[in-house]
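Two complexes are shown next, each including chain A; its partner changes from chain B in the first to chain C in the second.
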Partner chain A sequence: MNKEEYQKLVKDYTPKEKKLENALIAFVSGGSVGLIGAIIYTILLNFDIQSKTANIWTIIILIFLASLATSLCFFDKWVNKARCGLIVPITGFAHSVTSSALDYKKDGLITGLGSNIFKLAGSVIIYGVISAYVLTIIGVIFNVKF
Partner chain B sequence: MLYLNAFIFVGLVSLIGEIILDNTKLTPGHITSILVVVGAILSFFGIYEYFIDFAGIGASIPITSFGNLLYQACLEGYKNDGILGMFTNMLTTTSGGITSAIIFSAFLTLFTKPKD
Partner chain C sequence: MSSFKYTNVYLNNYYTLASKLEQQGNLKKINYIIDDYYFEEKTFEQAEIKMQQLVIDKILSEYHNQVDLVFGGELSNQIATTSYSLAKYNFPVIGIYSACATFNESLILAANMIDSSQINNALTITSSHALNTEKQFRYPVEYGAPKPERSTITATGAVSCILSSKKSPIKITASTIGKVIDYGIKDAFNMGAVMAPAAAETLYDHLLDLNKKITDYDLVLTGDLGIVGSKLFKEYLLKKYDLKIKKHIDAGEILYKKEQKLNAGSSGPCTLPLVLFNKILKEKKYSKILLLATGSLHSPVVVNQKLPIPSISHAISLEVNLDALS
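For the complex of A and B:
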C-alpha cells in the first residue's frame, strides 16, 4: 500500500463533521420543544387560568416531562442526538439535575444525591444570580433607564 | 402565529448554542451559563421585552429567560425594599423552575435505576 492509498483510507474512516446537519437538528428539535410549550400554554388558558400563572405552569410541566423521561433512561439518547436542541431549552436544566441525581444516588442520600444534585445545573444558577446582581448595581449607580 | 413564533425563537436560540458547541471546545455547561448571562444582559438593555412581545410563551422556554427573570426580580426588589430587597427578592420568580426540578428529580429517581 502506498502513501496515497493510505491517506484515502484514513480519510474514509475519520468521522465526518456534520456541522450543518447538527445545526438543523438542533433548530428543529429546539423549535419542537417551543411548539409543545405553546400547545400546553394554550390548553391551560382554556381552563380560565391567568396568562402569568399559565406561563409558570407550562415551565413546570416541561420540567416534569423532561425529568420523567430522564429517569426512565430514554432521554439521554435524545440529548445525544439533538444536543443543543434539548440542552438550551428548560428541558436541559431538568435533564442535568435528574441525571446527576440518578448517577450519584448509589453514593448515599447525603454525600451522593444531596451534594451532587446541582453538580451541572449549579453553574447556571450561580452565574445568573451574580450577573443579575452586578447588572442591578451598575444600573442603580449610573441611573440607567432603557 | 403564537405557535410559529415560539418554534422560531426557541429554535434560533438552540441553533446559536449548537453553532458555539460545534466550533469551539466549550462544553454544554459553558454554553448554558453563557446564555443565562446573555439573557440577563439583554434584559438589562431592555431588549428581552421585544422577544416576549414576539414569541410570547416561547421567550420563557430557553434558558436565557432564567437570566431575564433573575435581573427583573432583583431590580423589582431594589425598587421596593432597597439594598435588602436585592437579596430577598432575587430568586422569587425563578423559584418555580428550581424547586420543581429538585422535587421531581428527587422523587422520580427514588424508584428508578441507571441503566448501566
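For the complex of A and C:
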C-alpha cells in the first residue's frame, strides 16, 4: 500500500463533519448575538444617545458580556454548542483574548500574559488593519466611502 | 531486527491514577481518582507533577525495595513534568519520549536491562493531562473550540509500574521496537489515521521477527487509535499483509463510554496502561496479550509548516496467569 492509496482509505474512513447542521446552528446562534446587539442599540437610542456613540457602546457591552462569560468558565461550553455562531461576531474576538489571558496569566505578566494574550486574536488584528489600509487607499483613489 | 525475547521479566506492581471523566468511562477500580484538573495546585503543569509523584509514592510504599533505575516520560515540552517530579527522589533516571507510545518504550527498555541482568528492577512512570496537552498542542483551554468527530481527547492520568525478575502473574515475554512511519497525513486532528500504519507495521515486524502467528495472541490491544484509526488499522493489515486479527481492542476507543460523546475516543500516554490495568486485566479474559502502543510524533511548530506527521508504535507481549491474578 503506497501513500496515495492509504490517504484515499483515510478519506473514506474519516467521518464527514455535519457542515449543513453546523452552519444552521451557527446561523441561528450568530443571528441571536446580532439580535441582542440590536436590542441593546435600540435601548441606548432611547436614552438620547447619538447613533454613532450607541454603536460603540453596543460593541463594548457585547465584549464585556463575552469576556465575563469566558472568565466565569461557561463561554467555552456555549461555543462548543453554538459552533461558529459565537466565534465570528465580536463576542468571539473578546473570548479569544480573554481565554488566552486566562491560560497564560500564571506564566508571568510579561512572558506569559503579555506575550500570549493576542495568540489567537493577533491574526485578526493584523489582517484587519492591513485590509482597512488597502480599502482606505481604494476609497481615496475612487472617492468612495465604505 | 528489533525484536527481543525475554525469559525472566515480570511486571510486579502497578498504580493508576485518573480523573473523574475516566472514572465515568469503562474503567474499573482505578487506584486513585482526582476530583479536579488542578489537584490542589496553582497550575495544570504543577498538578501533573503532583499526579506523577503521588503514583510513585504509592508504588514505593507498597514496594519497599530500592529501585535501580527509572524510565519515564510524557507529552510536555522537554518532558519537563517527568524531570520535575523525579527531582524529589534519589534514583538514576532515563527520560524517554515517543508520545503516546512512551509506556511501551519504558517497558521495553526496562525489560531489556532486567533480562540481561544489568539491573534487578526498574520503575516506569508516564502521565498525561487533558488541559496541558490542549494548551501545548491546540488552543487555550478556555477557548473551547469545537472539535471534529475524528479527533480524540487526551486522557488525564498517571501510571507507574515496577518490573523485575521476581515472579508475578504478568510475564513480559517479548517486544518489538517500531520504526518511524510517515504516510503523508497532515491533519493533526486525525491522529488515528496518522498512527494506524505504524501499529500495523510493528505488528507485522513482531510476527515476522519472532516467527509467531497472529492466532498466538488472544488479544491485540492497540494504544490510542480511536474509532477512526482502529478501522484503518484493520483495513491496512488486511489489504497489505492479508492479516486478520482474531480479537482486537483499541484502548482509546473503549476508555470512555459512547454516551460521554467524546468524539473518536481517548488518547495520551496513559490511555493504554489505564485500559490494560483497569479494564482488560480486571476482566481476566485474555491470557496472551500483545500491546501495541502508538505515538503521533508531531510538534505544533512543524505541523504549522505543513509537513506530514510521523508516527511510531512499540510492541510488548504479555503472558498473564489468569488464576493467580489479583
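Methods note: the second predicted complex is superposed on the first by the 116 of 146 C-alpha atoms of A that agree within 3 Å, B and C clash if a C-alpha of one lies under 4 Å from a C-alpha of the other, contacts with A are read in each partner's own complex, and residues count from 1 in each chain.
In the analysis below, a residue touches a chain if its C-beta (ideal position, glycine included) is under 8 Å from a C-beta of that chain, and two chains touch if they have at least 3 such contacts.
It should be emphasised that the depicted structure is a prediction, and the values quoted were computed from it without experimental measurement.
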Exercise. Please indicate which partner A:G128 is in contact with in the superposed arrangement: first for chain B, second for chain C, both, or neither.
Key: first
Of chain B and chain C, the partner touching more residues of chain A is B
Based on the superposed arrangement, let me know which partner A:V140 touches: chain B (first), chain C (second), both, or neither? first
Practice problem: With the two complexes superposed on chain A, say which partner A:A23 touches: chain B (first), chain C (second), both, or neither. | Solution: first
Please work out whether A:C73 is in contact with chain B alone, chain C alone, both, or neither, and reply first, second, both or neither.
both
Item to complete: Look at A:T98 in the shared chain and tell me whether it touches chain B only, chain C only, both, or neither; answer first, second, both or neither.
Response: both
Open item on the list: Per the contact definition in the header, classify A:I49: touching chain B only (first), chain C only (second), both, or neither.
Closed with: neither
Touched partner set for A:I63, first chain B, second chain C, both or neither: first
Exercise for review: Examine A:M1 and indicate which partner it touches, taking first as chain B and second as chain C; both and neither are also allowed.
Suggested key: second
Contacts of chain A common to chain B and chain C in the A-superposed view 17, 22, 70, 73, 83-84, 87, 98, 102-103, 120
Per the touch rule above, chain A residues touching chain C in the complex are 1, 3, 6-7, 9-10, 13-15, 17, 22, 70, 73, 75-77, 79-80, 83-84, 87, 95-96, 98-100, 102-104, 106, 119-120
Chain A partner, complex, touching residues on chain B are 2-3, 6-15, 17-19, 21-23, 28-29, 31-33, 35-37, 39-41, 43-46, 55-58, 60-63, 65-67, 70-71, 73-75, 78, 86, 90-91, 94, 96-98, 100-102, 104-106, 108-109, 112-115
In their shared complex, chain A is touched by residues of chain C numbered 42-43, 135, 139-146, 148-150, 183-185, 190, 193, 197, 228, 231-232, 235-236, 239-240
Listed in rising order, the residues of chain A that touch chain B in the complex are 17, 19, 22-23, 26-35, 37-39, 41-42, 55-56, 58-60, 62-64, 67-68, 70-73, 83-85, 87-90, 92-94, 97-98, 101-103, 105, 113, 117, 120-121, 123-125, 127-129, 131-133, 135-136, 138-140, 144, 146
